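Take a look at the structures below.
Same chain, two partners: chain A is paired with chain B first, then with chain C.
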Partner chain A sequence: MVRLRFLGFRLLSLAGLLLVLSLVLFLLQEISDADPVAATIGGNASPEAIAAARERLGLDRPPVERYLAYLGGLVTGDMGTSFRTHRDVTTDIATYLPATVELVLFAFVVALVLGVLFAVSSLLRWPLAGPFRGLLFVGSTAPTFLLGLVGLVVFYQLLGWLPASGRGGVTDGPTGMTLLDSLLAGDLAAAGDALQHLALPALALAVGPALAIGRVLRSSLTETLGSDFVRTATSKGLTEPQVLVRHVLRNSVNAALSMSALQLGFMFGGVLLVEGVFTWGGLGSYLAASLPVSDFPAIAGVTFVLGALYVTVNTVADVLQSVADPRIRVS
Partner chain B sequence: MTDTLARGGTTAAAPPHGPVTPEPVAPASPGPAPRRWGLSRRRSFARSGRAATVVDWTLIALLVGITLLSVVSPLLAPYDPVQPVGMPKLPPLSEGHLLGTDAIGRDTLSRVLAGLQTSWLLSVLVTALGLVIGSVVGVVAGMFGGWVDALLMRTTDVFLSLPSMLVAVAVSAALGPGLTNTVLAVLVVWWPYYARIVRGEVRALVARPHVEAARLAGAGWFRVMWRHVLPGVVPTAVVTASLDIGNVVMTLASLSFLGLGQPAPAPELGADTSRNLVEILDAWWIPLIPGLVVMLLSLLSNLAGDAVRNRLVRR
Partner chain C sequence: MRSDPYAPARPAIRPRPVGVITAARPRALPAGRVVAAAGLVVLVLYALLVPVLVPVDLDRVDYATGPTPPSLAHPFGTDLAGRDLLVRGAHGLRVSLVAALAGATGAVVLGCLVGAACALVGGRLDRWGMRVVDGVNAVPHLLLGIVVAAALRGSLLTIVLVVAATHWTQTARLVRAELLALGTRDFYRAAVSLGLTRRQVLRHHAAPRLAAQLAVALGLLVPHAVWHESTLTFLGLGLPPHQPSLGALLDLGQQALLSGAWWTLAAPAGLLVAVTLCLAGCLAGRTEDHHG
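Right after this comes the complex of A and B.
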């Protein structure tokens, strides 16, 4: 019962946040200099043509009505027409989204691995823990695009280990995610190729989040390992794995979980920078092409989709957290 | 950050690149740690004693130094940053061009110095304005409580729940190019973080006996706020802000990298990297140097932020 109520509350706030996001984007569109009429029919149209276009675009209606129309469009998957490509923004985004999602998810896995490695290596007496920690700290103060560039120079130009740009593997598969499609097609060589292309951008994207996740995990592990109930569990004769899984992990994972979700969300912002360096051809590249020409429907569309992913990820993490730690639901 | 808008590290408010989280202090565990996991008790990195004090003050001095440097940096530039002054693509340490020249022969050092000024001064400005706006909201919410508090904090929460980097990109795109607009765009997503923190501090202080005593003695709300609450809030706020400048540096550089700063010939660290991306395999230093400067600024402000915290929170 408590669980259901918590779930309902979280879903309601998710809906509320998406509503606010849509309102913010609508208001920005209102104050933006971009003129949708000039963008659709050109700047030299006759006054009649302009009036006709305004009516067609609904610009003659009051703002509240226009917002409701915009919101209705978002709900039904209509985000307007791009000034630049003259296609539906929804179609464009559907084309580019899989590449971005694949990169972010892969980078997230890398960040988790690095983060856990960071936390565990500083808890155990591992001689390389110090250098590893320092490297991660310095790396996390570098802007994402710089990490990408340094990776490019080192691993592509100097060592020749990894490809410099684009995506590899099966590029026309059903999911649009090259690694997944290659695996689905059973083509291991293609999967390897996809993996090689993913490696550098993912690493550049993962360094900052890895540090954040690792620090939180380390401090909660330290705290849990020193707690009375762990001592009790150990002294009543539970085996080490039992103590670790049932007592230590369950009590430590919480903070790390919400930090991971937060960082996954940030990655949907950081990916914009990485894609530019590696000509990845995802939403970041699409946005980068839309920004200089003030293609606001496209910009708003990308922001809404990535923003929606961000808030959804955080909501899911909240719910997962409440499963891991029932205390959250009650408070 | 960050990227990410990275303040998220510390709280939900983290800006773009995952915010760089301040190192959580490992709580002193009661009794000996279980040996079986080989748990090593972390020595806190020379955090007390003379050496640490010297290190901290050096970092703080560097922070002040970089601020002074950025005020005068264009005067130190050997050449005009927007005019070609030498052979194109000279490597660093070339004669007359310490950091080399870019693809059309502009002096990289001069451009970096000019970019440093914009980048650093704007970051300080954004942090300060964010701190002021956030503090006003936080103090009002904390002092008045009730529905005022609820209204302001729910608004803050909503802002904190939205992806700051993405919202900053959208705001900046809507407002158009230019420094003022970039600052506004970052401010829109930056103040809520401070509002949250300040409000929490104020709530805690208001419940303390000395505030109650002041109230009983007949002090008005303004006097209570000014004399009894604000002085307690300032150290936390300053520490938070100093730990945060690095995130702002990174966010501004990221926006600039995406082309949301000043228009073309203006020297800007992020934009100088993105405009020269094509040179990376040919003349790596041209796109790399401005990015490295961003990194140095962010590294310095992170370390110095820690130093400020150590010195202020010692009490």
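Right after this comes the complex of A and C.
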């Protein structure tokens, strides 16, 4: 019962946040000086054509009515027509989303691995732990796109190990994610190619989140290892793996889990920059092309989709966390 | 993200120094912090002095020189248009620091106002105010910044507004928590029972404590704001091209990279990383981990 109520409350606040997001996007569109009429039919149109276009775009109606129409469109998956590509924004986003999701998910895995390494290396005092932590720390102070650029200089220009741009692999597969499609097609060479293209952008995207996750995990691991119940568990004769898995891990993973979710959300923002550097051909590139021409339906659409992903990821993490730690539901 | 918003800036009770010698000896500063502070001073001096000492027209181009690698005449090299990167870097650092300082200050002031209003008025305003804070926090601020900048078009003011509008929530929470916690403390009750007015309590007891915390919050925000400026400008949403901020220089550097002129990227990138590291290093030890 408590669990259901918690779930209901989280879902309700998720819906509320999406509503607020849509309102913010609508308001920004209102105060923006970009003229949608000029963008659709050009600046030199006759007054009649302008009036017709205003009516077609619904600009002659009051703002509240327009917001409700916009909201209704969002609910039914209609985000308007892009001024630039003259296609439905929903169609455009569906085309570019898989590339972005693939990059973010791959980078997230990299971030998790690096983060765990960071946490464990500071506890176990491995020989190369110091330089590794220093490198991660310096890397995390630089903006994401700068990391990408430095990665390009080192691994593409100087060493020539990795490609500079594009995606590689099987490009016309069913999921739109090159690595997954290559693996599904059983084409290992293509999968390797896709992996090579993924490596640099994913690393650039992963360094900052990895440090954040690693730090949280390290501090909670240190705390848990020093707690009384771990001493009790050890002294009542449990083996080390038993203590680690049953007592230490479950009690340490919680903070790291919520931090991971937060970082996964941030990555949906950071990916825009990384895509710009590596001409990745996902939502970031789509947004970058839409920004200079003030293609607001596209900008708002991409922002809404990425924002919705961010909010959803955090909600799912909250629910997962309550499963891992029942105390959260009660408070 | 501070682990405990109620924790005082310094431990309330310091261990008493033993003997005269230990008491007289000043507390040793960590070496890293000294280096960071010195580095920051050097960077600020560089940003302030170089444009004055080397009066070069920023818009003058010299394609005959073209990109030259770092040399004695041009320690940071020259960019594709033959402009000296030492001078342009100084200008860029200056613009970026001004934008970041203004943005961070705006965020702290706004957060302070909202937080204080929520804590002091309480009731419905507090509830709704905190909902708004949650709402703003729930949207990734880089994304929000991009849309705001896209709607308002790039200028120094836009960057300042974007940074302020997306970063005030942490300060608001901090101030609110601090003020609410104040009410439970003994010295507050003592002050009230002595007959001090609310204004006097706020001025003599709340303000000094808050000032220390706000200084740290501001210090943490500035490097983050530098980061935002360069990011937005890099995306083409920030400052116009004739104002060479670090982000604009990085953007040009990326274009020059294909022709092998790595130094056009190295100069602004090095400056950016250096200024962020120095700012963060100065505050190290004063704060817990900061994410965002």
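The rule is simple: the second predicted complex is superposed on the first by the 331 of 331 C-alpha atoms of A that agree within 3 Å, B and C clash if a C-alpha of one lies under 4 Å from a C-alpha of the other, contacts with A are read in each partner's own complex, and residues count from 1 in each chain.
Heads up, the rule we're going with is that a contact is a pair of C-beta atoms (placed from the backbone, for glycine too) under 8 Å apart; a residue touches a chain by one contact, two chains touch by 3 or more.
Because the structure is a prediction, the values reported are computed rather than measured.
Trainee: Will chain C clash with chain B on chain A after the two structures are superposed, or do they fit?
Mentor: Clash: chain B and chain C overlap once superposed on chain A.
Trainee: Tell me which partner A:V230 touches in the superposition: chain B (first), chain C (second), both or neither.
Mentor: First partner only, chain B.
Trainee: Counting touched residues of chain A, say whether chain B or chain C comes out ahead.
Mentor: Partner with more touched residues of chain A: B.
Trainee: Let me test your reading of the model: by the given contact rule, A:T222 touches which partner, first (chain B), second (chain C), both or neither?
Mentor: So A:T222 only meets chain B here.
Trainee: Contacts for A:E240 in the overlay, against chain B (first) and chain C (second): which applies, first, second, both or neither?
Mentor: first
Trainee: Looking at A:S122 after the superposition, I want to know if it touches chain B, chain C, both of them or none. Which is it: first, second, both, neither?
Mentor: first
Trainee: When the two structures are overlaid on chain A, which partner does A:Y310 contact: first (chain B), second (chain C), both, or neither?
Mentor: A:Y310: touches chain B and chain C.
Trainee: Considering only the touch criterion stated at the top, classify A:L272 as touching first (chain B), second (chain C), both, or neither.
Mentor: Both: A:L272 reaches chain B and chain C.
Trainee: Figure out whether A:L262 sits in contact with chain B (first) or chain C (second), or with both, or with neither.
Mentor: Both partners.
Trainee: Enumerate the residues of chain A that count as touching chain B in its complex and touching chain C in the other.
Mentor: Chain A residues touching both partners: 17, 20-21, 24-25, 28-29, 31-34, 138, 141-146, 149-150, 152-153, 157, 212, 215-216, 259, 262, 265-266, 268-270, 272-273, 276-277, 287-288, 291-292, 294, 296, 299-300, 303, 306-307, 310-311, 314.
Trainee: Mind pulling up the chain C residues that touch chain A in the complex?
Mentor: 135, 138-144, 146-148, 150-153, 223, 227, 230-231, 234-237, 250, 253-254, 257, 260, 262, 265, 269, 272-273, 276-277, 280, 289, 291
Trainee: Could you please specify the touching residues of chain A with respect to chain B in the complex?
Mentor: Result: residues 13, 16-17, 20-21, 24-25, 28-29, 31-34, 122-125, 138, 140-146, 149-150, 152-153, 156-157, 164, 208-209, 211-212, 215-216, 219, 222-223, 225-228, 230-231, 234, 240, 259, 262-263, 265-270, 272-273, 276-277, 287-288, 291-292, 294, 296, 299-300, 303, 306-307, 310-311, 314 of chain A touch chain B.
Trainee: Considering only the defined contacts, which chain A positions touch chain C in the complex?
Mentor: Touching chain C: residues 17, 20-21, 24-25, 28-29, 31-34, 138, 141-146, 149-150, 152-153, 157, 212, 215-216, 259, 262, 265-266, 268-270, 272-273, 276-277, 287-288, 291-292, 294, 296, 299-300, 303, 306-307, 310-311, 314 of chain A.
Trainee: Which chain B residues qualify as touching chain A in the complex?
Mentor: Of all residues in chain B, those touching chain A are 1-6, 8-9, 12, 14, 16-21, 23-27, 29-31, 33-34, 36-40, 42, 158, 161-167, 169-171, 173-176, 246, 250, 253-254, 257-260, 270, 273-274, 277, 280-281, 284, 287-288, 291-292, 294-295, 298-299, 302.
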